[in-house]
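Each of the next two complexes has chain A plus one more chain, namely chain B in the first and chain C in the second.
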Partner chain A sequence: MSENNRFANNSEQLSLDDGRRVKVLSPGMMVFKRFIRNKLAIAGIIILVFMFVFSFFGGLLSPYRQDQVFYKVDSANKEYASAVVNTEYRFLTKDGSALSTLVRANFSRVVKDVGDESLAFTADGTEWTITRLGDSFYAIGSAQELATVALLGKAADVKPNAGVELSDDVKNAAIEAVKANQLTFDVEGQGYVLTRGKAKSYTLSTVGEIAIASLLAYDAHSADDAATIGSYAFRRNGELALKSGETQFEADGETFTMEVEDAQNALIYRAGESDTPVATVSNVIVNPVNNGVFLPTDYKSAVAEAIAEKQTAFEYLNADGESEKHTIVMRGNNYIIYTEQQTTLIDMYALPSLAHPLGTDDHGMDVMTRLMYGGRISLMVGFVVMILENLLGIVVGGVSGYFGGWVDTLLMRFVDLFNSIPYYPIMIITGSIMDAFEINPYTRIFLLMAIMGVMGWTGVARVVRGQILSLREQDFMIATEATGIRVSRRIFRHLVPNVMPLLIVQATMGLGSIILTEATLSFLGLGIKYPLASWGSIINAASNIYVMTNFWFIWIPAGILIVLTVLGFNFVGDGLRDAFDPKMKR
Partner chain B sequence: MWKFIVRRLSLAVVIIFFGAFIIYGVMRCMPTSFVESLARQRAAASATTGGPTYQEWLTQLNEAYHMNDDVVTGYLNWLGGVARGDFGNSWKYGIPVTEKFNQVIWYSVVLSIITLVLEVVICIPLGIQAARHQYSGFDYGITVFAMLCISLPTFFLATVLKYIFAVKLAWLDLYGIVGRYHEQLSQFGKILDMAQHMILPVLTLAMLSVGGLTRYTRTNMLEVMNADYIRTARAKGLSERVVINRHAFRNTLIPLVSYMSYLLPSLFSGAMITETLFQIPGIGYISYDAMVQGDLPFTMFYSVFLLVLTQLSLMLADIMYAVVDPRVRVN
Partner chain C sequence: MAAATNVVEVRDLCKYFPIKAGLFGRVVGQVHAVENVSFSIKRGTTMGLVGESGCGKTTIGKTLLNLTPKTSGEVIFNGDTHLDALKGKALREFRPKMQIIFQDPYSSLSPRLPVGEIIGEAVREHHLVPEAEFDAYISRVMKSCGLHDYQKDRYPHEFSGGQRQRICIARAIALNPDFIVCDEPVSALDVSIQAQIINLLEDLQKEYNLTYLFISHDLSVVQHISDTVGVMYLGNMVEFADKTEIFANPLHPYTQALFSAIPVPDPTVKMNRIILEGSIPSPANPPSGCKFHTRCRLCREVCAQKAPKTMDMGNGHRVTCHMYDPESGYGKA
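On to the complex of A and B.
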């Protein structure tokens, strides 16, 4: 009908054999025209173009790398510091003196038993004296034997030990003390002790203060002051002042002032510098939970204050002037202080957002970007395996079909053998072998492609052989023989091109199934490995039930991409088949 | 005909022999073999009591499992056992391979048979309808649906079905063949329980295979519909229903039956990925586990089983081709 109308409207009459009237199309053009008339095939082409653009250009446009890990800052209530109210005496020895643990233990025992008296005890074979300097504050002295004082009737004689020289003042004082039955005396500020020995003789010893014991802990405000507060004079004078209620003391030629909160807590300043304290004195010991965290003195005094007032939470102004909320939890004899802390975490399973349109996966990587790079690998594997299969198949099938006879039988039995080897068992075993050798993920892709190619070429070989068996009987082959074209040329220039249309159709359909196979292997963890991605390995995340049920955005898009791509290849393959051979069209 | 079958059989034997050898060789390449991991376990277990070290265990176990033989000797030994009907004990399961196979194969067979029935029930009417209304919207819909089914990756479909029916709707269990209270159910209840657990695997397998059979039916139906005798039937004035049901469909059955017979052996091969994903203890899942852990006797048995099935399929296809269409002469 339409033909008639067209010619009826055409004013110019053309003769039947006019070249302009009969429109001749080249065979390729005819295939193309038939192809583009197929709606499904066009849909397939559109899908495939989208996939290629998505995979190959998307990766370029994406602001992220495929293995870029994202982090997020989150605040969590974490253990920040621990505090304990000190009940153990802490000792500070004078330079050059030492206090053995036995002495320390004895001291603690004696002090606990007797309380606030000055007394002496023996340990390590030496006489020790305890001098009470204040509340829970003692000086420990060790007695050093100097001489023996013998009492002979009314007279007394001081016999110095070997190598000891005693001044006459000391001797006289000692004799007087013995007579007055005093056991301690002072000469020029130096204390001496007399110990009653056997048979009216006394041992004269000096009392040398070698250590102080206190329940208070000192914290330097800055590292520079660590030496200052470690000084014996500083500690001794400071604590004396604190215990006696004074607010000023001197040590090592410097004057310090004290801001006393109670008998246990105080801040010590250098005289005239009232803004930054030198040290904090407290009976509460505060330690950071993590190494490398420096707790400022004002923080420690805030903790001590809160504990003293039995509070469970307190506010603290940090170095940036922000108010931090800290909570105190009692655990055993310790106080654990919690605070909201900013921590950097890997941004796992982030929900879709503008920055990450499909969220992030279990490694904190952008799912969208990984889909793009994964698409590259999936498509690349598909094409390389397809080309490999076709090269092997065309050569074996071509040779087999052309020569026939025993060559054909041998090659075809070989094809049968390869065809019967169960596919998945072999892929699983080789996958485990590659796992065991810990092959690098990049090399692994190539090995995977090679194995898939070797396992898949038999189909192509059969098709090529079958076609060539019938084609070689045709006249044009007799012509090639007559013109003396050599055999390899006859097979690959004259026979194989005739099989091409069929091969193209099969290859297009095959691409889809190769992509499916690769995805399945990657899903089973036998294909593409981290840090590389393929669509299959992205869906692998769903084998974790937690991910499957909660984070659909990680695995569903990858599955949809696989389905669409394979569908695209199938549509195009179907369209090509119809276009190449309209007689087959159903 | 008999000559052909004998020749085909002898070829099958040769192929099975070499195919099994290739698999045996590849299995032996696995460096972290089953034996090594067993030796490591035992050495760790006996380390505290001063038992044998890893090396000693390894030597002993290698001896016990005949892993010291080279590949060819090992293969021939294995083959010798098979000739006497002894496939050996499964390393992983600790019982004779054939016994384990007997325990699990029926799950796979039942799964496959239900799937096949469902597939036939769905595909043949769809294919026929599509062919009757060629190029209609319905036909396009069927084509797209069939293509979609072919394009679905098994694991994705299974995961989506699990997500919808087990997680979101919570109608069915996520995996397993029996429910939590299986032992307390009555005999009939047990069967129902297992049937319920088969729903998702069957649905998965059916959807995957529906595409191929629908298209096959449609193609063959179209071929028949274009035949002269259909035109004759219509010219006689027969009703469309009679034309389709009596004349066209019966002739379509011929290629369909031969296609089905080709599928028969594959009923026994198990659906490895589907079974693994749903943890149905069929031959596919069990042998997947065995393969991953390097259980050589079980893997060998399963592979040879598959090799035999493939050869059977091919032979059946050749024979059925001749049986169904008497014009084909096998020579």
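On to the complex of A and C.
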């Protein structure tokens, strides 16, 4: 009774075609419904959407270009100048005279033994005299033959050479000297030298000063003064004054004053001028480390002073009136002067900051921006290669499966052949071929995609062939033949839609592995090349152990992106597979 | 065309499947699926085809429709159309005249198409009705097959086995065929549904003057629906007669054994079953002489040596057995 009542109470009858009945879903809609119930698949979709937004919109929003190099200004304690206390004699010759290297070498050898004496030596077949003018200050003269002095018993005779006139004072002095067995003598400030010849005869020569040798270096304060301090008289008189402790000297008609620090260091001014010196005299030679840097004389004298006082640091007021701190390090006989200098450097391995959320890489490029652009390439390579693989695979597998027979055998043996080509050696070889031809990085991407597609289609072909072989024997395919439906329609209306689910799952799962392969190739340096980036090539930085251990922010994010993307594709692929499986409950 | 009384005439139909082996697919033998089968079906009648599993019933059905190419023999439709002569487009355009209903209603419908599309696809392909009347036509066909109009947009997975079989029938009927091969259309269905489908087929036959080849191993169904019955054993048709004749007077020992297995729904009737011993021999290596001699209770020496001739016993009752051939030497032994 109660049963009947239940039906009776339900006064409203629903007919079978009532609109309120549960809506019938197409297979596609059912797949979609099953798919969106899969939490893991939704997680995968969210990851992938994030990756696409990050890569394709991130690149647009990023303020930087992918190959933009960042620089930083840094101050570094760099070598600025070097100084040496001079122990080599410097020579200045009179105009029109020359000192050969041999003479200079002989001088340097002999002068060590000279002491305070004047001395003669022979070089280049000429007599040379060294005359001490002061402490470590010598005049070099060359002998000029004037006469022959012959000793005849107790008498001596001076026979002048042709064209030479000798005063009686000189003659007498020469005779005296010969008798006294003295080989040098002075008459009225002019030096004479007697050289022993053969058979008790001597050759009388004058000593003509042609050069001075000194340990001191002269630096002009300005380029205008270079000629002034190059003058022989200036140098000779100046140094004589310095050695004798005088503060004033004349040269070339000008009067100069000296501000003497010690016997080796002085500043020379023009008389009446006291602010800008003409020259610095010092036994310390200061040279800039970098070419093109002009070291002012006051800097040089500051260095010399510091060295003389054995200081390790000094302050120097530069042309702008700023105080620069310089440090001196002694290295052997040399002094190296360091100073803090401003330099522009590529901003490598910058730590994460607001401007660079993930820092900069070894090229000084923003890692975040490169990740975005790299994502574009990684995803694009994934999709293009996947489409290429599937196009080839579907055509070959479809033809093979649909027509069967010898076509199938032939194509499948071809697939076997392709499968037995070792993948990585081929990729490495093509990579190095592309390197050898220096292929443009942009063209390289397309070649890479083409090669990866051509190498990877066989799996798809096999799956499609197998699926079509089994579908072909299904009753509904026989029914299409029995009802006389044309071949193209049978393939595209009946076969393809039934193969599609499997292909979609395969392709989605395959995308992950293609991205991994591309990352591997780029990591090995065979794939995407600088200045373009892909996630794999970004991780390549970690092959440097220094980067790997110290700069996590360069390679960890790229690794995380790859892992997440592949995971996302696999989640979605799994979800699609489950959703397409008709055995799954709604 | 309508004048021809025989919709289908089959003469000496043979179908051998090659057995391939080895690396190069060398043919090492042949499965004799159908051998020298001849029969004809009159317009508007149903021929039942019975026999054990694997005796070649389904192969006959598919070979008739040229779904699998025959090895030799002739199939003539409507008295004048030789199917062998039709190739490519001509064959495709002739297809609607002869349809097939499969045993398995699950695999015979494409899971990705809605029902209306499955039924109407070939109608549209062959331009059987003008585009404007298309929807109405499909609705009418569906209705006549016991399907509802609103089910047009549904997909096969939403239907039960019986409904799916109705869809298969609708797909065949929609093409307005002369001849339908019903390849065990009810064996996959439960008994109550079987009756519905059988009745539907009978109703449609009356409505459209259809001719059926009804393949079944269910003798009661065949007895119910058929006008003539052919009995097959290992690729040969051993007996062919009108339904009433063959059920009343089965001549071939195999037919007798087969019919003795029909259950009688009456517990008081003592059933006199003829038990066949052994199992059906391999069609790849059929026995010599009469193929049935290995299991025949009336087997004599001649049966193993000579293939029997087909004898016409009157009323179109044909039987292939040495017992009914006076010249065979069966009686002498």
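Keep in mind that, in the parts below, the second predicted complex is superposed on the first by the 354 of 586 C-alpha atoms of A that agree within 3 Å, B and C clash if a C-alpha of one lies under 4 Å from a C-alpha of the other, contacts with A are read in each partner's own complex, and residues count from 1 in each chain.
Just so we're on the same page, a contact is a pair of C-beta atoms (placed from the backbone, for glycine too) under 8 Å apart; a residue touches a chain by one contact, two chains touch by 3 or more.
A quick note: this is a predicted structure, and the numbers were derived from the prediction, not measured.
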| item | value |
| --- | --- |
| First, second, both or neither for A:Ala479, with chain B first and chain C second | second |
| A:Phe107 touches, of chain B and chain C: first, second, both or neither? | neither |
| Touched partner set for A:Trp552, first chain B, second chain C, both or neither | first |
| Greater chain A contact set [chain C / chain B] | B |
| Touched partner set for A:Tyr299, first chain B, second chain C, both or neither | neither |
| Which superposed partner A:Phe580 touches (first chain B, second chain C, both, neither) | neither |
| Which superposed partner A:Tyr80 touches (first chain B, second chain C, both, neither) | neither |
| Contacts of A:Phe234 with chain B and chain C, given as first, second, both or neither | neither |
| Footprint overlap on chain A, comparing chain B with chain C | none |
| Interfacial residue positions of chain A with respect to chain C in the complex | 16-17, 24, 26-27, 474-476, 478-486, 489, 493-494, 497-498, 582 |
| Chain A partner contacts - residues on chain B that touch it in the complex | 11, 14-16, 18-19, 22-23, 26-27, 29-32, 131, 134, 140, 143-144, 147-148, 150-156, 159-160, 162-163, 167, 174, 218-219, 222-223, 272-273, 287-288, 291-292, 294, 299, 302-303, 306-307, 310-311 |
| Complex interface listing, chain A residues touching chain B | 39-40, 413, 416-417, 419-422, 424-426, 428-430, 432-433, 436-437, 512, 516, 519-520, 523-524, 536, 539, 542, 545, 548-549, 552, 555-556, 559, 562-563, 566-567, 570-571, 574, 586 |
| Sites on chain C touched by chain A in the complex | 62, 65, 67, 91-96, 98-100, 102, 104, 107-114, 121-122, 125-126, 148-150, 153-155, 157-158, 168, 171, 175 |
